[in-house]
Amino acid sequence: MKRISPSETFMAAITWAAALLTAGALLYIIGFILWRGVPYITPSLFAPVYNSINVSLLPALVSTVMMAVLSLSFALPLGIGAAVYLAEYARRGNRAVRLIRLAAETLAGIPSIVYGLFGMLFFVVWLGWDFSLLAGSCTLAIMILPLLLRSGEEALLSVPDSYREGSFALGAGKLRTVFRIVLPAAIPGVLAGVVLAVGRIAGETAALIYTAGTVAQIPPDVFASARTLSVHMYALSREGLHTNEGYATAVVLLLVVIGINVIAARIAGKIGGAHERV
Amino acid sequence: MNVFDITDLNLWYGKFQALQNINMSASEAEITALIGPSGCGKSTLLKTLNRMNDLVPGCRVTGSVCLSGMDIYGNLNVNDLRKRVGMVFQKPNPFPMSVYDNIAFGPRTHGVKSRYALDEAVENSLKAAAIWDEVKDRLRKSALGLSGGQQQRLCIARALAVKPEVLLLDEPTSALDPISTGKIEELLLELKNDYSIIIVTHNMQQATRISDQTAFFLLGEMIEYDSTEKIFSMPQDKRTEDYVTGRFG
Amino acid sequence: MRAVFFLAALASVLAVLLICLFLFGNGVPALLKIGIFKFLAGQEWAPSDVPPLFGILPMIAGSLYVTACALILGVPVGILTAVFLARVCPPRLYRFLKPGVDLLAGIPSVVYGFFGMAALVPHFHSSILSAGILLGVMILPTMAGIAESALRAVPEHYYEGALALGAGHYRAVFRVILPAARSGVLAAVVLGMGRAVGETMAVIMVAGNQARMPNSIFQGVRTLTANIVMEMGYAAELHRGALIATGVVLFVFILLVNLCLSALNRRIT
Amino acid sequence: MRKIGYIMAAVLLTLALLAGCGQGTQGTQGGQSSQSSQATPGSSTATPEPEAQPITVVSREDGSGTRGAFIELFGIEQKEADGTRKDLTTKEAVIANQTEVVLVSVAGDAGCIGYVSLGSLNDSVKAVDIDGAAATTDNVKSGMYSVSRPFIIATKGDPSGVAADFIGYILSAEGQAVVQSSHYIPLEAAEWQSGQPSGKITVAGSSSVTPLMEKLTEAYAVVNPNAVIEIQMSDSSAGLTAAIDGACDIAMSSRDLKETEAAELTPVKIAIDGIAVVVNKDNPVSNLTKDQVKAIFTGETLQWSDV
């Protein structure tokens, strides 16, 4: 029997124990939600209109998807653009890079209620957008910006320099190299950031209550107030009248998040192979 | 006609001077080998010829380097320079794409759009790199699946696809087994008639086997530059003689 | 084109400046009116009394205790899980565990709140401990996800080099790979801590929210963010100013932590 | 060794999953769904006879309308002649910012005591009588059960258009019928005829009033289909400040207006809601005097045995 040093087995044990703990917590929570929520998932829950008797969550579901799409369409270009600048253009130690990184790290640290305060003061009151999908998604865009920037930069930095050199040596310009070689190779990392960002959007309540409001409707336009699934769950369970439907909403929310993770993983797989069409 | 004319070339990385007043010229349709101990500046010189040194922060160059009479540090667009002067690196670096896309990337960069033209360019360059038979039925598969020797020949094919005038090779076979090395050397001898080739190598037998001219470098200076037979049989400078006979270096 | 990327990078700086402008603009006048020392060191928080009292020392202590407890429980498990995911986990298990961990990050904090109330409060009552455990679980996925990608970014030949010297698998992972990914792992911890300090909805349900100084981890406590969320809805004039000032305190606290960590990070690399 | 590790891991994980479900059943079944079978009473931990049990006080967040009314009705709020007010609720009280959290906390801990709106009372907890009067809508209407507070809506100046019409509807017999059916105490109905005005108004404010307001708007929509009423749920003062700022047309409040608010807004009482003092179902105590409740909530009485 080959002798395994005691420190090896110890380290193996604590690593497996940590993983088991995480998996255990995961299953415990999922079990809890499913047990409390699944019995109350009824077709009426998906009726097109919300009213106080039949607390349908369809408006909230649609609003969540719209909120995610809107905030990602604001934050993704900015986040990736910033990541490209930090990873591809900026010189290592110059002051601008340190300033940007500090700003991003601070943004990541700010609690969601402070975003709610800021969103209310700036988007809702100062810009006069009132409680609206736009105010909510702009606030969320700022919240997920550091996540996208950090994972984007990490992904770009992990692309080996030999790819860049190979591309330059063929006379490709900086831009073509970044967009055709570096970014496609970094897509999986970027998508990991997008998955985390969507998780954050789907789970956010504190910031949205003060920016997007709590009206249970499918927003007719960007300036209409709307509640996402987690705000819907918060509102339902708040008064103790619809707690069960609250858990049912939680189950639906989990399915939405799982769906997004699966789609992102599939896209990562396909694009990762980076076949350039003519 | 000379393909490259280098006059009083000096190069610094920050404070460290890597090249001291280099004067040489490489002629067409010939293989020029650059030899010397590691850190002597031969790779630095090679990277100056297609301005890959521009990517190194703090790199400063004086003197002139002319490609067929035009100063490459003048108003020549750097991308056009690199199109005309292809380079193959020490470690094979195919892109994480299919074999076809790897080869087609160069032509697509320089505006080739039609499917037919691309197919033809891919086939010709793979044949020119003597690897067509080994990859012709897996063009759609990822290039990362090929062996080290095949990947290097793929990189040569990729460089050839943009139809350069000069081909620079930075110790192309140092990471390869003898058989692959032999294949690449045969390939370079064939390519000699269509492209001027400048190769940096540690392997002195390789220099004698395939090069017409050889330049010996030491500590950033070019010690001697002459035909390969002269360098290896009757070196003028004692230091060249010591290096070539393997007494140091 | 470089300028466009630079502008995109500046967006985050602009966002921070905007937030500063609005927070300080609304929070500082109230802070000055209450008096900075009375505000930061006051132990009595009674906004609806006449005359109102705005002392947030109990909340500062609350936030520190809860976050410390969450980090003590969450960070080691988070990093070990990241090591497990990146270097130990058999592929079959990974296909289920990784989406599971990402899913944990997606669960809304309200759900964590109810989970905490049903599972933790009956055993540990509404206290720092239950809030710490709950937050520990909540920051786990954030840290594990980002630390794992940092560990995966470490080049393979470091690992092979260590093995070639006869080091065991785990020794190579803990002694070579983990230190090499230090800055990424540190960033993961910072993000995890940011999430822990910023969490509100779940903490409110399990922390007890008593606005007084706790003296044991089994006692309930109110955090800075809980204080804002619970009272922001109905706060008016000076009371709302005090809450925004609490937001300013949080903001400055996080800025300071980031400054120290980036300084520490620079000295290591 | 590897094989055993995998099996052990699998066993542990399934255990965690079952525990999660198990925990689900023991938690209370909130809401009116009385038909759910597994509503097991009491907390999951076997606690000693509640008599010797320490009292855990649960109160609402500082500005909640329910709390404002509660501390006033039980004299927990000390009012001095010179206008100073001091809330004497014990600092040890657990603060819950949602009715559901109060219900789950009280149901989960044998020694717990809290208060909720009568409209939100459910069978997971037990309401105690106050000075001998049971907490029912009839007792509140008859005045026997004195612990109640008005639901108020307020507008800036006199309401007009859809707002006026809607308020008229609420005070009408039809509107008060909706109040009655939602377990709140209706007022005498006033005459009213709908002018069917069109337009959109926003109603914002107290979360305690929101459930009733949702029912009222749905009923009103039937009477006047071309009016659109949007409800923003936040808190009493948020609604009142929004009305003062003109950000919403009608504000909802579950407490009386403060002087500063009354100066700007015209309040209208629309219903009365009782406040039920609730304890754990295992707690034998079924009647408390106002002074006993005050003693508990100000932290004088600490053990159920001293009550």
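A, B, C and D are the chain letters, set down in written order, and residue numbers restart from 1 in every chain.
As a working rule, a residue touches a chain if its C-beta (ideal position, glycine included) is under 8 Å from a C-beta of that chain, and two chains touch if they have at least 3 such contacts.
Just so it is clear, the model here is predicted, and its values are computed rather than measured.
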Identity of the most central chain, Cα criterion: A
Among all chain pairs, the one with the most C-beta contacts: A-C
Rounded Å distance, subunit B centre to subunit C centre (Cα mean): 53
Length of the line joining the C-alpha centres of subunit C and subunit D, rounded to whole Å: 32
Chain centre separation in whole Å, for subunit B relative to subunit A (CA means): 46
Whole-Å gap separating subunit A and subunit D, where each centre is the average of the chain's CA atoms: 34
Multi-partner residues of subunit C (each touching 2 or more other chains): 114, 118-119, 229, 232
Subunit A, residues touching no fewer than two other chains: 16, 23, 25, 28-30, 32, 237
Numbers and ranges of subunit D residues touching at least 2 other chains: 20, 23-24, 27, 98, 234
Touch-based graph of the chains, sorted into line, ring, star, complete or other: other
Chain-chain contacts as defined at top: A-B, A-C, A-D, C-D
Complex interface listing, subunit D residues touching subunit C: 20, 23-24, 26-27, 43-45, 56, 61-64, 68, 83-87, 91-98, 101, 104-105, 108-109, 234-238, 241, 260
Touching residues (chain side subunit A, partner subunit D) in the complex: 16, 20, 23-25, 27-32, 34-36, 39, 51-52, 130-131, 209, 213-215, 217, 225, 235, 237-245
Sites on subunit A touched by subunit B in the complex: 91, 160, 162-173, 176, 180-181, 184-185, 272-276, 278
Touching residues (chain side subunit C, partner subunit A) in the complex: 1-2, 4-13, 15-16, 18-19, 22-23, 26, 76-77, 80-81, 83-85, 88-89, 97, 99-112, 114-115, 118-119, 137, 140, 142, 144-146, 149-150, 152-153, 168-171, 173-174, 184, 187, 190-191, 193-194, 197-201, 224-225, 228-229, 232, 243-244, 247, 250-251, 254-255, 257-259, 261-262
Residue ranges of subunit D in contact with subunit A within the complex: 5, 9, 12-14, 16-21, 23-25, 27, 29-33, 36, 98-100, 102-103, 116, 120, 122, 207-208, 210-211, 214-215, 218, 230-234, 247
